[in-house]
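What follows is a set of structures to go through.
Look for subunit A in each of the two complexes below; its partner is subunit B in the first and subunit C in the second.
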Partner chain A sequence: MAMKRKIAFIDLSTGKIETQAISEKIRRKFIGGRGLDSYLLYNHTEKGCDPLGPGNTLMISGGFLTATLASATARTHIMAKSPLTGLLGSANMGGFFAPELAWAGFHHLVIKGKAEKPVYIYIHNGEIEIRDATALWGQTTTETQWSIREELGDEEIKSLVIGQAGENLVRYANVMTGIKNSGGRTGMGCVMGSKNLKAVAVRGTMDINIAQPIEALEYNKKFIEQITSSKVNQTQGTLGTPFIWGATNSWGGIRTRNFQYNQCENADEIEPEAIDDIATETIGPHHMTGCFGCQVHCRAQYKITSGPYAGKYDEGPEYTSQGAFGGEPDCKKAETVLVGNHLVNQYGVDNLEIGSIISWAMELFEKGILTTEQTDGLDLSFGNDEALLEMVHRICLRKGWLGDVLANGGIPASETIGQDSFSYLIQVKGMSNLHSDERATPALALNIATSSRGSDHLRSRPAIDLYHLPEKVLHKIYGSPVPYEGKLSSEHTAYEGKPWQVYWQENCYMAVDCLGICKYHTVFLGPTLPNFEDWPKVIKYNTGLDFTPKEIWDVAVRCNMLERLFNLREGLTRDDLKKGDTLNHRYYDEPCQRGAPDVVGSTIDREKFKKMIDEFYLHKGLDNNGIPTPERLVKLGLGDEPSHLL
Partner chain B sequence: MSNKVLKIDYEKCTGCRLCELVCAVKHDQVSNPARSRIRVVKWEAEGIYIPMACQQCEDAPCVNACPAKALTRNQEMGRVELDYDICIGCRTCVSVCPFGAMHFVPADRKVIKCDLCGGEPQCVRFCDVQAIQFVDEGEINREKGRAAAKRLRTAEGQAAALL
Partner chain C sequence: MSADDQTLSTAESLRKTRTYGKFRCHNPSCMGRLQPEAGEGQVKCPECKMEYRVHWIRPDFPRIRGPVWDVNRKLAEAALKKKLEEK
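Right after this comes the complex of A and B.
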């Protein structure tokens, strides 16, 4: 059963491998997945460790419910100290890796040290070996996966790999599995590269007992109906995430020309329907695919239709690629989005980060802060599709002066480039923002400013805030499993009540990240989707453990606090523009110029935003400096971390 | 006499493998695709996913080859059945099945095959995109026929437009 899945400690320096059971006590305190990883990170790294040194520890995990009948339990979580931010590194991806890891007997891998030469880890039904990867070094993400299958003679092996970006220590290299499932953010592929770890390959045929199989089956059926009956998931299942880009662009929430505009105009070729037409034309009417056990099937398949990469198969593009290779650099050719998406998947690099950083460089080029001398003659103007794609190659291969500089991440690059380049960089805690513009949505701005892994939408974004739900509905969602009597506003432009929503979402997302469930199966984009009230039964039927909604909430609060403790230990301070809970000054100073009437002219109000953060801290049990109160730490059972329970 | 059979339309399959999971849970109360009677074969690099299951053949190689006569065809139910009291576990059926749809489970030392869940196949019930359907054996080609006819109709329309 899920309770029998183990944790393995693998030291790449010494080759020592140990495995341990994960006790019920640990499960009750951290559940698993990202929550337990955050505990392991705090306990298995030294303060101030070099993210690229052997002292950094890499966690790879499935959730507590991975491979059970909990519906869409495909998520893999990857954690380490981030070489991009120097703070919390954390990435999450779908696919088929985590279930295979669970069938191979494990939920958590803790990888320490550094191998002398390229290696990969092979895990097979409880057995772990470290194998030579010299021949794999230099291969793309997909080549690596197919090579491992060929070498071991098993087509069912699932691998988590890095591409050339990770090998070249691009600070935002990702880890990948399958064609496009990416643990994208905070440079976890760079950490693997620094350890000479090319891949983790898994194959498992071990039983996971289901505590109450009939009930689990029937509840899964009910879940599927709940999930697939939501309009938002029906649209996801037809158009994929590009539909979000289309909707957001229509009201003016898409960063364009780095951060100069909030809407990409006349972009017919990269609108969701246009992208969908390409998938239909190149693959057929049934071109959607999905992760393990998921009925949302939000991922499109496509072939590139023109240009030097014509005929290449890939999956996506997600809305993040529309932003990275469309809106932000103001490029409007479908081919650019499709090729850009293909290149990042093959190199293994975070599309959000690379698109954002290149767009920033384009603005610096426009302002004359970067010159053609520094770009090695490249015309890095906005809207130059060829230059955009050329920069992707240069960064991933660290080619040319600018490619090498940008590969180090936004803040280090701004320090090299100098002048006032930093003031144009749209980042929080050193990680670039995704392609969205939050100037008209204070709740979303609070989300990116306080997110534990830097600017990011998947940590605490109350995306349903954009639906203008009646206050009664908001109170029903946000008033459970702990009561909330304060104000909640249906207006996305309001500041009141939003800190609670962000705090609630932070705990909601942590809970599903502990369980290993996809966020499309929770209150992320759909208010009717599963929630704290639904999970106790899923846990009970699949694992036999009893949890109340409040107990799940408490675990989430505890694990979020652990992430906060790690960030504080590594240097987070509230008002630090590079490591704090802060926004770029442009959010306050430059009004939105495009979009819906209530969006045009929007900025974030500095004073009101400060009060939002104060209130958010209050909910989290932090003082005004963002430091946890001793009472809250004791209440959460975190009075003396690191406690080394594992 | 007409029976229902599994109809697999691989073009609709998203490759999620929920069929494998529910099959294993239904039959063995565990999550483990290595115990599933249906398996999704994939060519990930091309995005092709094909669920493979017992075809309940009329003149089944497994039935013909079984030395112990443990496999028989139940004409009334329209399916091939395995009698574990007689089965000697020789795996001949696994070798001869042209679809690779007979499986051997090392943990249990036994052969497994699709039994259509006694008339309510769970793979069908859980496949939201209807890549696997449970249809009358006489109707299995109807959807394909209609789709082909539609293509012809469109082509004829285009041809007519050229005249």
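Right after this comes the complex of A and C.
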């Protein structure tokens, strides 16, 4: 049974390993995955600890439904205090690791301390050992995974690994598995590097009994039909996430030249249809692959066909790499996007963060704040493909003055570079956003300003707000499982009703992250995808536990509040430009220059936006300073945190 | 999606609202339904005049590939000029 999956506490300083069952009481309160990790983080990380010190605790988990008969429940979640932001660190990835971890007997790992020398953890059917990784240090993410398989003599082993970026403590280093599955936000690979932890390898053949297997299979058939029939997933199964580029770049939602423009003009070569023509074995209906147990197959594969990396195989690029190596630096060659994507996968670094930070540096170079002396002679002009890729190497290897400075993240880099460099940095809570431009979309702006892990599109973004859905449909979606009769607007340029949508999405995304479900299988990019009403039976048939839609919602609200409590404990204040729920001044002061006629000239209205945040806080049970009311904490059962139930 | 009763969830009930062969214009106050001719590479919005390049996922399933640059750039420049003059 999924209920039998345990939690393991592993201390790398002492070598001590303990395992523990996860009670039904804990499951009812936090379910699992990211939700339970948020509880563990709050309870097992000391206030104010150094994110790179032994006092930081690293959580790795699968979802409650992972490795059951439920579709697309293969997500792995990783959490710690972030070395990039000093606040919540959290990353979520697909692939095959989490199911293997569950078959090896575990849903959650809690990793403390720091090893004296490079190590990796090997988990095999309930057994856990800490092994020497000296020989693995310096290897790429792909090499590391194959070296572990060769050393242990089992090609079925699945590993979470870091590359050289994590070893070099690049503050936004990824945890990786497979070729391109990335736990890629807030620097969780950097935390692994700080612990001398090169990898976590798992192999499991332990059965997971299904509570009602026939019903689970029957229900899953309907689930698969619901998921694969959605228009968005049919599109993703052909073009992958880069399909988003076409519409977004048409209306003017692509950050270009850091934040100077909101559309990457004439970038036809980095459209997915063009990439399909340029690279071999790539995007298209016959070249897509997927994660464990998923029928959507949104992951493209490719071989680079030209230049110094010709012949190299990789996976992606995702929409995020189109922005990181295309729109933001204003580079328009498909080869640059494909090579950039390959480099970040092999080094193990966040493509969103590195693309955004290099583009910021390009704007500083353009304005004369950075000079060729600081770039070691590199012409860091926008549109310089070679300079962009060279900076990826320099950052991941901490090579040269600027490479080393940018490896520390945007805010520390701005403090080193000085002048008014910070005012050009597009970040929230110290983390760069996706390459999206939210000046014409107040709901999306509210999402990035208030997201728990910093500027981010995967924690509360109401992406369907862009679809102009009728208000009746919006009320149907956003009025369940908790009634909502307030205003909702079909206009994505409107401010009214958006705080509830962001709040609803925040809880929806937390729920799927607890269950281990991929966001492409819920109301993220498609309104007809399953949500709260559809999950109780999946949980019951697979695990035997009864949850109502409202009970799942309540768990999500509780876990989101735990993340808020952690951030407040670590220094979040509402209006702090570096650690608050704020936007860069450019959102208010610099109008959009390009895009659709109704988008040009757009800025975020400062006063209306402030009211949006007030209303969002009200929904969350926070006061006007963003601090939870005692009543809401008691109502959520969080009045006595940290409670140390685990 | 219920396995043991006929009640439709919200997600299921919204499936009947799906349409193929069309997509929306992406000018926010327009958002009109555009229906390109089968296999056509471009479509123009009759309301706001924005023009799009089209990719076909299937013969009955078009998507926006990107803007027709020259047409839409002129529309954007005119709109921006007008807005700046009104300020």
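In this text, the second predicted complex is superposed on the first by the 638 of 646 C-alpha atoms of A that agree within 3 Å, B and C clash if a C-alpha of one lies under 4 Å from a C-alpha of the other, contacts with A are read in each partner's own complex, and residues count from 1 in each chain.
We adopt the following convention: a residue touches a chain if its C-beta (ideal position, glycine included) is under 8 Å from a C-beta of that chain, and two chains touch if they have at least 3 such contacts.
Since the structure is predicted, the reported quantities are computational estimates derived from the model, not experimental observations.
J.: Evaluate whether subunit B and subunit C can sit on subunit A together after superposition, giving fit or clash.
T.: By the criteria stated at the top, subunit C and subunit B fit after superposition, with no clash.
J.: Report for A:K476: first if it touches subunit B alone, second if subunit C alone, otherwise both or neither.
T.: In the superposition, A:K476 contacts subunit C only.
J.: Once the structures are superposed on A, label A:T205 by its partner contacts, choosing first (subunit B), second (subunit C), both or neither.
T.: first
J.: Looking at subunit A, does subunit B or subunit C touch a larger number of its residues?
T.: In the superposed model, C touches more residues of subunit A.
J.: In the overlaid three-chain picture, which partner chain does A:T68 touch, first (subunit B) or second (subunit C), both, or neither?
T.: first
J.: Where does A:T238 make contact in the superposed view: on subunit B (first), on subunit C (second), on both, or on neither?
T.: Second partner only, subunit C.
J.: For A:E315, is the partner it touches subunit B (first), subunit C (second), both, or none of the two (neither)?
T.: A:E315: touches subunit B, not subunit C.
J.: Given the overlay on chain A, how many degrees, to the nearest 10, lie between subunit B and subunit C at the CA centre of subunit A?
T.: Here the answer is 80 degrees.
J.: Output check: A:P597 vs subunit B and subunit C. Expected answer is one of first, second, both, neither. What do you get?
T.: Touch partner of A:P597: subunit C, not subunit B.
J.: After superposing the two complexes, find the smallest distance in angstrom between C-alpha atoms of subunit B and C-alpha atoms of subunit C.
T.: 15
J.: Write out the stretch or stretches of subunit B touching subunit A in their complex.
T.: Checking each residue of subunit B against subunit A gives 11-18, 21-22, 25-26, 28-35, 44-47, 49, 106-107, 122, 125-126, 128-129.
J.: Show me the residue ranges of subunit C that touch subunit A in the complex, using the header's touch definition.
T.: My answer: residues 1-4, 9-15, 17-18, 20, 24, 26-31, 48, 50, 52-53, 55, 57-58, 61, 63-67, 69, 72-73, 75-76, 78-80, 83-84.
J.: Flag every residue of subunit A that touches subunit B in the complex, lowest number first.
T.: 67-69, 96, 103, 142, 146, 178-179, 205-210, 213, 216-217, 220-221, 224, 228, 283-286, 288-295, 297, 301, 313, 315
J.: Enumerate the contact residues on subunit A facing subunit C in the complex.
T.: For subunit A paired with subunit C, touching residues are 215, 218-219, 222-223, 226, 229, 231, 234-235, 238-239, 243, 245-247, 249-252, 265-266, 268, 271, 273, 440, 467-468, 473, 476-477, 480, 491-493, 523, 527-531, 533-534, 537, 541, 591, 593-601.
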